[in-house]
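In what follows, structures are represented as structure tokens.
Shared between the two complexes below is chain A, which pairs with chain B and chain C, respectively.
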Partner chain A sequence: MAIEDDVLVIGGGIAGATAALAAAERDVQVRIVSYKQSTLRNASGLIDVLGYTPAGDGPLADPFEALAALPEGHPYERVGSEAVREALAFFDEIAGDAYQGSHTDANALVPTHGGTVKPTARYPTSTAAGLASDDRDALLVGFETLPDFEAPLAASHLEATGAPFAARGVTVRFPGIVRDDAKITRYAHLLDHDEAVETADETRAGEPTAREALAETVRSHLADEARVGFPAILGDDRADAVRADLADRLGVDVFEVPMGPPSLPGMRLEDLLYEALEAAGVRVTTGVPVVEYETDDAEASATGPERIDRVIVDRNGAEIPHRADQYVLATGGLVGKGVRSERERVFEPIFDCHVPHAADRYDWFVDDVFGDQPYARFGLPVDRDLRPLDAVDDPEFSNLRAAGAVLGGYDFAAEKSGSGVSLATGYVAGRRAAEGCR
Partner chain B sequence: MSDAEQPTDDGVSGDDEFEPIQVFPEAEEMDLRPGADNCYKCSTCDTNCPVAEVDDEFPGPKFQGPEQWRLKRQDDQDVDDSVMKCSNCMRCDSACPSDVPLSQMHNTARGEYVEEQMEKLSREYIRNRILANYRRLAPLGSMFPRTTNFVMGLSATQWLGEKVLGITGERDFPEFATETFREWWTKRGGNATSKKRAQKARAKRGDAQVRSDEKRIAYFHGCYANYNTPEVAKALVRVYEHFGYEIMVPDQHCSGTPMFANGMLEDARRSAETNVRELRAAIADGADVVASCSSCSMSLRQEYPELFDFEGTEDVAENTWDAVEYLRVHEDLEGELEDTSVGDEFDDFAYHAPCHARNQGLDGQTTDVLAAIDGVDAHDVGDSCSGISGTYGWKAENYETSMKIGAEMFDHMEESEAKTGLTECPTCSMQMEHGTGYEITHTLEVLEAALVGDATEATAQ
Partner chain C sequence: MARDTEVLVLGGGSTGCGIARDLAMRGLTVTLVERGNLTDGTTGRMHGLLHSGGRYAVSDRASATECIEENEILREIAGHCVEETGGLFVQRPEDSDDYFREKLEGCRECGIPARVLSGREAREVEPYLADDVERAIEVPDGAVDPFRLCVANALDAENHGARVETHAEVVDLLRDGDSIYGVEVRHDSGPGKRTHATPGTTEEITADYVVNATGAWAGQIGAMADLEIEVRPSKGVMTIMNVRQVDTVINRCRPKGDADIVVPHETTAILGTTDEEVADPDDYPEEGWEVDRMIDTLSELIPILSEARTIRSFWGVRPLYEPPGTGTQDPTDITRDFFLLDHADRDGVSGMSSIVGGKFTTYRAMAEEIADHVCEKLGVNASCSTADEPLPGSETIETLEAGMDDFGLRSPVARRSKQRLGSRASEVLETEKPNPVVCQCEGVTRAEIRDAISQSGSDLNAVRIRTRASMGNCQGGFCCQNMANELHPTHDEETVREALDELFQERWKGERHALWGEQLSQAMLNYALHATTMNRDRDPANENGDVDFAAFDGGRSGRTRVDGSRRAD
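Up next is the complex of A and B:
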């Protein structure tokens, strides 16, 4: 026996989750098998579609205008711009109130923790009051124990970018946190549960709660700014309540500034997607890798591509067969380990799909660290149905599609297109996989 | 597969890969540096640590693992005592995208800390040793179960436990069963009876090879199912025999989980040696090993090969299964459950997936499988840790942390409509009951009710 489903998605990042959700819209049984945690935990939680062209032009005001001009082989070129729109609409429905930006094609400009402004297509509602296009003055608040966000520096950078408002930054002590390397989950937990905290204020009777104490601390610094920005640590499970409570106490709008990894907005997006998966009846298996596959010799025609019969999941040495009709490969790029490199070669470890790269490893990168790095584009080439292609451009398998960072032909960091590509290709791969089921 | 071909953590073999398994007994000398070097400081592990989330003073898995390792190797520093605050839930392990062997590092560091820095006559050491070696005390308790249950329930005993030993007085000691599973098993006629029953079941099922020896399993029941909840062990026996499996119950020790968590590596090593020897013999006899407790299977599958290299350790790891998973892969379990029902005794469940099941990719299994039974729904109460983590939540100094971690699970259980809890881990089950007052069942008991019939009929078998 094997564990059986109609569609099996390998990898549970934003690409895999979207593929599974898109497939589950049809009447098929879908399963995700994912090994370690995805890059969502590190990603900012912003859904970038395209901030810069591959040639480096930008920031782009309208990503859709630029999509048409992308080179052949770019994942967006493969699926087409209509699919990108459909995928965003699909995402908007899943995200509901949690995300904004759907009212316009234009990129929104979101201030980041470094004080730069990032063009993005969809942003968490928690960042909405902070948009750089808004002309209300802002106070940014940083914490002594959280060195990744230097509020005064970020504020001055923001002003230097030409933002249409005055920004000011202060650094305060976070009530209740003593350790200088407390985890961001600790901050979030204190606020979520509104735990009682000790403060330096001796005159107060009893211990105030974390939200109360934080608002108190900030109030004394607030001049006549109409909004206050905090690093993105304002709660996890109850982030909306935390933000609303702080806004209420301060009498101004409160927003979060997206942070570097690890990132709570990324984790909240992960939770949102996994809740949607549960509601859609998708089965989820995590903590174990897919390691091998077996083909169905009887079904492979003499000339056509092979058909995958089952894949093998490794559970500490025991091999658990999983069988499906259609498969989606969404195992991530070099970071997620869907594409791997050794001294001699770059390869895709499960199906050994073709990954084009120069024979000489010294050609994999250029000396200029900020230069156009070939390795950033390493990944699988696919046809317009997102089936991985071999060295002579034939599909590797008849029932395998690939999505997300495992794809080649784009540089998500330079283009600011990471989540957008994962979303669009995940959506198309999932939908086609469900349609392909017998 | 020979040992030389043992795949790396993610099953991908490659030249640059690092193989963390080294030779015991010198755990302290294990060279985990290459593993530490894999860490690129993304902090994913830290955001998964349930202890760091509620305890400001715990520096988190990244520090306990790769950072401490590097510090120590460079200037011969002592192991930081915060490693004793880690609950060994192993969540960090399955989180790390870069294959850093975090729990192996923690287990090794804890062993070294206890060995070299802990005062052997201290209250903490003695208490930890007692907690870790529960199995040695359990036979005494179960010899006079009623007396023991009575004495353990006395408030004076609880007070003594708290004051003298640092065992929290907030919890009720688990009750001892009046008959252990092994006593029941022997009375029932042991392996010989099981063989007959299995053959009969195969004949009834129309299995082609009624006399074949292929359907054979060795049951690793662990301590808790033997001394405290034999009904879980009996359920396993009846469900497996229903499918025509002949069951062996080899001699066995504690799996070692509580010993790893308390840094008692030598105790763990002794138990592991017995277990590997006995289970390996069963495997040679044609059996696969199945366990009903997720921490036991985790220990046999992951911690043994990481820490020990007795002859056959790998063999045991590769042939050990979770009890439900085994049936899913080798039988048409879901098909068989289709159109069964379980009567009024069970209804809906609030299901908690234990951390050690999650790490083995078993988190969604129970809800998948039970969905096939008519009228039963198992609602997953979310991915939070229950907080008790074996002996961790029994220590007076951890009780509060343990309950803070569990709060999310308690909330979700109470929000769920179900009023019965379900899990595969005995200590998670204690915590679920303690935090909500719900009655808690094991998945195998539900399968027994669906496949073998109601409890009274089953008792007669």
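Up next is the complex of A and C:
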């Protein structure tokens, strides 16, 4: 017996979750199957829409202005700029207080852990007080045991970007962290639970809590800055409470600077999406790969594209058929392994959809690491209904749509458009899939 | 006339550093200049094989004998740079029995311990060897870290009073009539430790005697004084796998050929190599088919290589030389012997000798001969002690290993740190401050990074070769930034930014040749981390900060001023 749904979404990142949520708004049964951990733990948690044009102009203060001029085949061009706005509104609804930026069309400039600034459309509330377009002076605080964020260097780099405020950095010891290589989650956990910690200050009666001790440590370094930034480790489940508590104790605003992997803001975004999926009644099966598909022979016509009847999911060696009316492929790009490669070819591993690429792998890259990299654009070409296209521009299947990083024709890293494309194409793919159900 | 130094050595590879150490230990004043980093030329671009001599046991028995002698010496004096892996010469069905027999006899005649293993025995040693491997000869090949060894020579030269100047390019030889008396160098950043972004200066360094140990670049140096030195640079590719498929050096037991060796090296295995003459040691094509040939041909010996992950490829040039008139066509036929060209005898120009040819394993013996020659020229009576005195880091490894604490690090990290640092481990790692891991792939801690910075300034590639940081799976994607962070505050922000960019580009240069499968995924992740998360590709700081900040979102409550009342809203 096959598992039956109306819409089956393959992939559980931003694009897959958004597609499932958008489909579930209609009266259809939706399921997500995902294999690997999503790549959100690598991501900053920011929602970039478009920070730079494909030609490199920017940073763009207004991303929407630039959408109309994108080249044919760009995922935003495929769905149209109105869909981008709708998808963002959809996200704003889901995210609620957890994200900000919806009050304006303008991009925000967010300080990064490397000390530069980047344009983004939506940012976690934990980041809001840190915006570089806000002109209050900032103190950045780093920790001796976290080599990823060198606060004095980041502060000095921020000033070099021309940011309109004075930034200063200090490095302190994180109270309660004994091991030099404690995991990021250990820092967050200490603050979430406000555990009692040992400090060097022996004159105190009893042991202070982690938040208390951290605020105490930072207070002595605070001059007249109006805000204090920390690496993004300020709590996991109770991040808002941790931040508010620190802010109260210090009497200034507190913000997080987004970090590289493992990224708590990315993981918090993942949690937020999965809570929404649960609330929307989407069924979620994780940790299983889709290994095969079967087409519906009866419906294959001489001229039209084939129709996917079912996919086969490998659950610990057992092959479980999953049948749906409509399918959304949101398996990610090269990082998420939705697009793969060998020495001679680049391919999409589940349905073997067409991935345009040069035959010689030495044409997949250019010599400047930040140059115009062909590999960064690898992915599926799609029609305006987001159906993957074969080498002669015909749809590969009649009931398959693709969304997110599995799409080709854009360089999300250079454009700062990754999560925006995932949201917009996920939203459209999910909605169309639901509409297409018989 | 008083000179700046008695001996001036040109070239900071294994030969140059070995000569500088030897002469400094004999009490001479020595200055060494190197255009880039130590090991920048051929030394840093080899496969890391410490020859047993087995490779030359048929074609060149003098070299084979010299190799086994030096092999044994280096195990003694440079234990922290050598891994005693052992080696196998492996015979496939299509490889000749006669050659196998000649190899075995050759080894025995040259004093190389050699033992024949059946195919099954060989697979017991190395389970991934192909099923049809017929038999193998076991020899004491080893793996050597050329970076660590070369740097240890330079450090010891400094310990004996030498001046070692990197990033100092020779722009002219100083010649007075028929006598060479020094060089003019251009400093990349002013003399001393390197600092990025400081303007270069030039300096004349005069010497009683000059040794041109620039290998494949020796001809270019000679040309500055109208001397013709016909080195024949020959390129070879090496491909690095992300894990060790073998723990023993695997050689193909057949006459010369491309792609016939796999050397386990730290966490990786290195496939080598090709041999193709090139015109210019600084500019030659690096092509995909060379990489493919490595993988395809060596997969005949170790089939899983065809599916394995490579993390980068690099090319090196050999400084081949043969006396004029020999006329060898194929570079693989050119001898690996070294030649000392005394320009007084050869060209009637005194004050300089050039060293060409040679091979890494015998660098110390070469240095000894050259140092003897220099001493004779200068009328100095001092003898060589480099075969007996351990290099820095290798003095008393066993006692330290036994007695050392784990420095509060998780054990695999501590173990690898100790291996890298050898007897310098306590000096470097004993710190009151937190010592987190900076490079996860290779387990390199902050203390090691800072130690390397104290040796080499803001050149993160010099830090890399001293520590192995950024040389693992991620090829620096995750740790370049953290390595650069350690430069601050000793170096200012702009210098750090430049140093980071330089290292990141250098890591990309080799990784480009491994862009498929897992490594292409890794490259995309690295790109995303640096471009998406950090916006390093469009950093406003690099574009003179002309961003109109006021045009961007300043937050929900609008732009605010520092007035102390913010939290009331």
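Methods note: the second predicted complex is superposed on the first by the 438 of 438 C-alpha atoms of A that agree within 3 Å, B and C clash if a C-alpha of one lies under 4 Å from a C-alpha of the other, contacts with A are read in each partner's own complex, and residues count from 1 in each chain.
Convention: contacts are C-beta pairs under 8 Å (C-beta built on N, C-alpha and C of every residue); 3 or more make two chains touch, one makes a residue touch a chain.
This structure is a prediction, so every number in the text was calculated from the model and none was measured.
Novice: For A:Asn42, using the defined touch cut-off, is the partner it touches chain B, chain C, both, or neither? Pick first, second, both or neither.
Specialist: both
Novice: Counting only touches as set out at the top, which of chain B and chain C does A:Val335 meet: first, second, both, neither?
Specialist: Touch status of A:Val335: both partners.
Novice: By the touch definition at the top of the document, which applies to A:Gly115: first (chain B), second (chain C), both, or neither?
Specialist: In the superposition, A:Gly115 touches chain C alone.
Novice: Touch test for A:Leu153: chain B only (first), chain C only (second), both, or neither?
Specialist: In the superposition, A:Leu153 contacts chain C only.
Novice: According to the stated criteria, A:Gln100 is in contact with first (chain B), second (chain C), both, or neither; which is it?
Specialist: second
Novice: Looking at A:Pro356, would you say it contacts chain B, chain C, both, or neither? Reply first, second, both or neither.
Specialist: In the superposed model, A:Pro356 contacts neither chain B nor chain C.
Novice: Is A:Arg343 touching anything from chain B or chain C once the two structures are fitted on A? First, second, both or neither.
Specialist: A:Arg343: touches chain B and chain C.
Novice: Of the two partners chain B and chain C, which one touches more residues belonging to chain A?
Specialist: Comparing chain B with chain C, the partner touching more chain A residues is C.
Novice: For A:Ile320 in the superposed arrangement: first (chain B), second (chain C), both or neither?
Specialist: Only chain B; A:Ile320 stays clear of chain C.
Novice: Tell me which partner A:Gly73 touches in the superposition: chain B (first), chain C (second), both or neither.
Specialist: neither
Novice: If you lay the two complexes on top of each other, which residues of chain A touch chain B in one and chain C in the other?
Specialist: After superposing on chain A, chain A residues 42, 181, 261, 335, 337, 340, 342-343 contact both chain B and chain C.
Novice: Which part of chain C faces chain A closely enough to touch in the complex?
Specialist: Answer in residue numbers: 287-288, 292, 295, 408-410, 433-438, 446, 478, 481-482, 485-486, 488-489, 492-494, 496-497, 504-505, 508-509, 512, 515-517, 520-521, 523-525, 527-541, 544-556, 559-562, 564, 566-567.
Novice: Over in the complex, which chain A residues touch chain C? Could you list them?
Specialist: 42-44, 48, 51-52, 56, 58-59, 61, 100-101, 103-104, 106-109, 112-119, 128-129, 131-137, 144-150, 152-153, 156-157, 160-164, 173, 180-181, 224, 226, 247, 251-253, 258-261, 333-335, 337, 340-343, 360-362, 364-365, 367-370, 373, 375-376, 412-414, 416, 418
Novice: With touch defined as at the start, can you tell me which chain B residues reach chain A in the complex?
Specialist: Chain B reaches chain A through residues 1, 6-7, 10-12, 14-16, 42-44, 46-49, 52-57, 59-60, 63, 94-97, 301-302, 305, 314, 317-321, 325, 328-332, 358-365, 368, 380, 407-408.
Novice: Can you list the chain A residues touching chain B in their complex?
Specialist: 1-3, 33, 35-37, 39, 41-42, 176-179, 181-186, 188-189, 193, 237, 261-262, 267, 278, 283-289, 291-292, 313-318, 320-321, 335-337, 340, 342-344, 349
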